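Consider the two complexes below, in which chain A is the common component and chain B and chain C are the respective partners.
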Partner chain A sequence: MAIEAIAARFSTLRNWLVLLVLWEICGRLQVIASGALPAPSSILMRLWIDRADYPPHILATLEGAGAGFLIGNSLAVAAGVLFALFPMAARLGRGVNIALFALPAIAISPLLVLTFSGATPRIILAAIGCYFVTMSSTVTGISQTDARMIDVIRAYGGGRWSILALAQMRSALPAILSGLRIAAPNAVLGSILAEFGGGGRFGLGVYLLGSLGRAEPDRLWGIGLAATLIAGLAYALFSLIAVRFTGATKAVTVPATAPGGEATSWPLWLRLLLSTGSILIPIALWWLLLIAMGTPAMIAKTPVGLFEYLFLLPNSGVSQMKLLAALGQTLPLTIVGMALGIAFAFGLALMSVLRPGIIRGFMPVALVTQTMPLVALTPLLVLMLGRGPSVILWITISVTFFPAFVTMAQGLSMVPRAALDVPRAYGASLFTQLRLVSVPASLPYLFAATRLAVPRALLGVMIAEWLATGTGLGNLLNQSRGYLDYGMIWAVAVVSVLMSVVFYQCVVLIERPVLARRGMHAAQ
Partner chain B sequence: MNLTIDRRHFLGLMGATAAYPAMSRFAHAASPFNFQASWINDAEFMGYFLAADKGFYKEEGLELSYFSGGPDVIPESTIIAGKADLTLTTPDTTIKAIVEQNAPFKIIGAQYQKNPIGIVSLAKNPIKEPKDLIGKTLAVPPVNVISVEAMLKISGVDRAQVNIVPYAYDPTPLIKGEIDASLDFTTNVPFTIKQSGADAVSFLLYDFGFTIFNDTVVVTEEALKTKRKEIVAFLRASRKGWDENFKDPAAYPALLADSWFKGTGRSIDNEVYFNRAQKPLMETDGGIFSMSEDSIAANIEALAAVGIAAKREHFDTTVLEEI
Partner chain C sequence: MTGQSGIRLENVSRSFKGRGATVQALDQVSLDCPAGSFTALIGPSGCGKSTMLRLALGLDHADSGAVSIAGITPMEAARAGMTGVAFQDAALMPWRNVEDNIALPLDVLRKSRRDNAGKIASLIELVGLSGFEKALPGELSGGMRQRVAIARSLVTNPQVLFLDEPFGALDQILRRQMNVELQRIWISSRATTLLVTHGIDEAVFLADRVAVMQSKPGRITRIVDIPLMRPRRPDIFTSAEFHRLEDEIAGALDGH
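Then we have the complex of A and B:
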């Protein structure tokens, strides 16, 4: 065993080394995109030359991302507990959760900069990046608690809080930690995105913006590397903690009963009331926030203001046409990009079981794609892929697959050992084990991963449209920002959120009956 | 008690990263004045940096807070929201907002008499006038598409014959030949191209009929009533800063390397190039910021070509007279 482990570690190192050497050769020979991909050695040299520039920027990014991480995750765990314990709250909060989850960062960033000042947009964007991942992991973790543990505590007279503290939180911990490790890079990226747009003086995003005009890819990759390092360290930290906890709390046997089991036999009127409430709450929050901030009506469109802009003004017809035309360009590519991203993630997740060595070798590359700011990669991608639909699809896959992959891999690794022992005892191959046990058992995670992919796909398409092709909602958003067309800025943001919500609901509609048939519960 | 201090300290730290430089170094008897710049710190704003460092704002009784800009910062929004008292804008967007949305803006001065925005290309594939763009790929920031379309229209070039793609701040695609030309500040990008070993050719949209200002000084009508004294003081001090800067445009950027230009990611050589190149675009008989009747008429005419109905009343030259 020990020798195998050492061999596996060695082969991972070897794969990394091979990748690095290949990259160095490509960079040196200027093979890729006529030299727009710099060699690792020139990136490192550039980092060394620029070393005095970095400390204030890294510090500012850490402040924004750190504050957002703390605030976002605290809210997320609290909300997750609330939703897991009180199904009615979960039902009411659904609208807010999905809306927060579906907010495309590039649409919301200009709104935040309009409404808030100073470091607040950075913190909010970082917090939003953390909230949904951690909240849904918390709910998943709590709702997948082994019902027998709860029965034991009940039998000894434990109340709801004892169940929460002794069984549910404990069983949720691995899920929360796996949520946090996705949340950490999200927070860094959220902060950097707001820094890039928001006009502060320091932060890696600001440094990136200043450096973009220099046409020096090695500097841009250096900044990306710094962002990757911060995000990677945060990811590693929580992975390390997760490994320690998961080892101790992983179920050794299969629960005999389906987890959860909360009754949802509410009367029809109550269900209708809750659904209506869950739709109204995000709209009310949007409205109240604008009133509370006192932002002038010209800049900040309330739901009524937006309705007026789209339907009642003399120019409304033109606005509608522009919006629909952009939507017609964005929608098909979003669907295709999402499907490809999920398929890629699923393939990777299967590989992580079948050929873990290859996946470990691939992980650094995967992490770079998550933290390397797309705006810095765009020239490279455009030079390699042109400015057609293919560049949109590649960018979309690259922003979609990672969170989906992590969630799917998590699901596969959480399969109870005893369930796997059965096919193993019969001499089944690894592939048969996956097909008969692991994949079906991790279906809730597969669906959760699909839901995660929805807004990311939209984000990817919009970023590519903005930076590379000049089409669709991404371009419309940026152009409206330039023309001070505040109504359109809000309209694009709201339409993209609605689009995400509709996709999300479609996944849920498929998910529910599939899981119900297997006696499983959705990983919220 | 402790909590309050800690929170203040924390918020102070957060704020300091955004609103650098802190305004505490100015006398506190002065009136606070918030200035929103239109982009990150570069030579485009030299005059204001110098005026602040040389104490010109302080002499005028102003306690200046300087806010750097960025892609998501819509300068006009900051004065509507009351975050800034005065800002720098592009006249086309400002007047469009006045005409179409009844935005309460007044243009009270112009930093650039000639808009520095132009078409930049490589000398080996030169684009010297609008007609050369036919059949070429031109990268334009989405915000500026309207200006390019105006220039094409005025020059009699069919918009459909030019392939316009988004420009994402990075000149690499131009240097590598993926695009034939890009729209940018001609005071800036040719330097980068030279650094990469190629030669650049450029022309201003201004010289081909799109005769508008840039970095127009804009305030709200409200501020013009309530803060007129401070606005005049700001313009007077800023003009002094710019005059000082143009005494030796090659020397001043280096003096700001460790303050205003610290960690911007840009080089001092770049700022020197920028500073020299912008001098002829800014200097004018009436003094920095002035708007002559002729130039205002030229702006109105150029904007009419893009369907923006600018009027003389959108420009207010009375503040300049008080400097």
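Then we have the complex of A and C:
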């Protein structure tokens, strides 16, 4: 076993070396798109030359990401506990949660820069990037606490708080940590995207935007590498902590009851009231925030202001046409890119069951595609693939892939060993095991991954449109920024959020009956 | 204290809604366990044994009928620290070591762990886990985990003890040993005990009375008194009287 593990590690190392050598050769010979892919050695050399430039940029990005990470995750854990304990609060908070989750960071980054000053936009976007992941993993962790443990505490008269303090918080810890693991690179990405929106002289995003026009691929790669390294270190840190805790937390036996199957039967009027409330709360927050900030009405559009812009002004017709045309370009690519990204993640997650070594070998690659393509690969991919839709597709696939893969691989790793052993005992092949056990067991996670992927896909498409192709909503956003067309910026932001929400709700609508028919519960 | 710690279930009914179908887990069941008595519940799978226990523990609520412990509701009794429970599955917290798992009821009841340190140590010795105080459940065998759960159920000096197939996962040899131990513990504590079990021999060896249940709908069909003298020694397992009682219960289980 030990020898096998060492051999697996060795072969991973070997694969990486081979890849690196190939890359070096391609770079040296300028095989790909005449120099768009520089050799690793020249990237490193460039990093060395630029070394004095990096510290202030990295520090500025870390500052925004770090503060956002702390604030966003504190709020997220608190909210997660609240939602797990009080189903009614969860129902009311749904609207805000989905809106925050579906918010394509790039769409509101110009708005934040207009409304706030200094590092605030970065902190807000980093915090938003963390919130949903951590909040939902807190809820999952708490509601998946072993029911028998809770029985023991209740049998001694323990109430809600005893259960929370003695069992649920501790047993949610691994889930929360794996949430933080994804939240960490998200915070870095959030900060960088806010830097794209403008404001501030320092930050990796600022540095990147400044270097974009200069046709220096080696510097772009260097910046991307730095961003990836920061995200990777944050991810690795929380992975290490998670390993420490999950070691002691692995369930001792297989739970007999399905977790969190609490059937709440509220009367219809209450359900309607809660749904209405959950839709109204985000709109009210939007409005209140603008009033509280005192932003001038010209820049800050309230819901009424936006309605006026889109429907009542003399120019409204033109605005509507522009918006619809952009939407028509963005929508199909989002759907296709998302489907491909998830399919790829699903396939790889299944393979990771067969060959656990794959996770070890592939995680770093997945991680690189997490931050790298958004900020650095886009211009390079443009050079390689042209400015057509294929660039958008590749970028979308790579941003949806990572979170989908993590969700599904984690779900599959929770399939009890015994369930896999039963078909094996009857001589089933690995493929049959997958078909009979792993794939059905992974369904809830497939849906969860799809829900997770929806807004990321939209984000990927819009970033590609902004930076590369000059089409669709991403481009409209960038253009409107140039024309100071604030109404259109708000319109794009709101439309992209709505689109995400609608997508998300569609997934939920399919998920519920499918899982219910199989007696399964939705995974977060 | 005795005379106040009996378990009473009166005309209790409980049904569950599954996917489409409704299952009558308990139908008008009554059971009275006098203070200081040892009652065993035995019956086929799905006859509502565990449901009865959950109702008596206050973990579940009856559709109709009344449940009381020492004249108060099960939850009140639990909050007063009168009860102890060991489940079919050890249900240990994987992140707590043996000592801490045994101390869990004290934490829930907000009782000082230091005052009970001696109690915890003696319980660990009683269940034969000396040397494993700091071990995590994941490092223990199934039988050892179950013994931790037994020790945990006794840490509050309960007047009322609920045991839900506590030895179901143990092998026959260990199970007999634990039965002998449990009897010793019970004789010294005289806690009112309700034991849910699958084992006829276990029920006869431990209980004063065995309540035989049938399913569809779940109900008690017969109560068999066990007039064997205490303390019962292991050689009683082979006695003629013991076999006669076993046969009587087996007959009742078959519906005779």
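The criterion applied here is as follows: the second predicted complex is superposed on the first by the 512 of 524 C-alpha atoms of A that agree within 3 Å, B and C clash if a C-alpha of one lies under 4 Å from a C-alpha of the other, contacts with A are read in each partner's own complex, and residues count from 1 in each chain.
Definition applied: contacts are C-beta pairs under 8 Å (C-beta built on N, C-alpha and C of every residue); 3 or more make two chains touch, one makes a residue touch a chain.
Every value quoted in this text rests on a predicted model; they were computed, and no experiment measured them.
Asker: Based on the shared chain A superposition, would you classify chain B and chain C as clashing or fitting together?
Answerer: fit
Asker: Which holds for A:L166: it touches chain B only (first), chain C only (second), both, or neither?
Answerer: It touches chain C, and chain B stays clear.
Asker: Going by the contact rule set out at the top, does A:G482 touch chain B (first), chain C (second), both, or neither?
Answerer: After superposition on chain A, A:G482 lies in contact with chain B alone.
Asker: Per the contact definition in the header, classify A:A60: touching chain B only (first), chain C only (second), both, or neither.
Answerer: A:A60 sits against chain B, while chain C stays out of touch.
Asker: A:T469 contacts which: chain B (first), chain C (second), both, neither?
Answerer: first
Asker: Thinking of the overlay built on chain A, is A:Y156 touched by chain B (first), by chain C (second), by both, or by neither?
Answerer: In the superposition, A:Y156 touches chain C alone.
Asker: Which partner chains sit in contact with A:V206 here, chain B, chain C, both or neither? Use first/second/both/neither.
Answerer: After superposition on chain A, A:V206 lies in contact with chain B alone.
Asker: Quick check on the superposed pair: does A:V336 touch chain B, chain C, both, or neither? Answer first, second, both or neither.
Answerer: neither
Asker: As a test of reading the superposition: which chain, chain B or chain C, is in touch with more residues of chain A?
Answerer: B
Asker: If we overlay the two complexes on their shared chain A, which of chain B and chain C does A:I299 touch? Say first, second, both or neither.
Answerer: A:I299 sits against chain B, while chain C stays out of touch.
Asker: Write the angle, vertex at the C-alpha centre of chain A, between the C-alpha centres of chain B and chain C, to the nearest 10 degrees.
Answerer: Once the structures are overlaid on A, chain A sees chain B and chain C at 150 degrees.
Asker: By the touch definition at the top of the document, which applies to A:M351: first (chain B), second (chain C), both, or neither?
Answerer: neither
Asker: In whole Å, what is the nearest CA distance you get between chain B and chain C after the fit?
Answerer: Comparing every C-alpha of chain B with every C-alpha of chain C, the smallest gap is 33 Å.
Asker: Would you tell me the residues on chain A in contact with chain B in one complex that are also in contact with chain C in the other?
Answerer: none
Asker: Could you list, by residue number, the parts of chain C that touch chain A in their complex?
Answerer: Answer in residue numbers: 19, 54, 57-59, 75, 78-81, 83, 85, 87, 89-95, 104-105, 107-109, 136-138, 145, 152, 156, 162.
Asker: Of all residues in chain B, which touch chain A in the complex?
Answerer: Within the complex, chain B touches chain A at residues 13-15, 17-20, 40-42, 67-74, 76-77, 80-81, 83, 93-94, 96-97, 100-101, 103, 141-146, 164-166, 168-173, 175-178, 188-189, 192-193, 195-196, 262-267, 270.
Asker: Touching chain B in the complex: which residues of chain A?
Answerer: Against chain B, chain A makes touches at 33-36, 53, 56-57, 60, 63-64, 67, 109-110, 113-115, 117-119, 123, 194, 196-203, 206-215, 217, 219-220, 295-296, 298-299, 315, 375-376, 378-380, 382-383, 387, 466-470, 475, 478-479, 481-484, 486.
Asker: Could you pull out which chain A residues touch chain C in their complex?
Answerer: Those residues of chain A that touch chain C are 146, 148-149, 151-158, 162, 166-167, 170-171, 245, 248-253, 256, 519.
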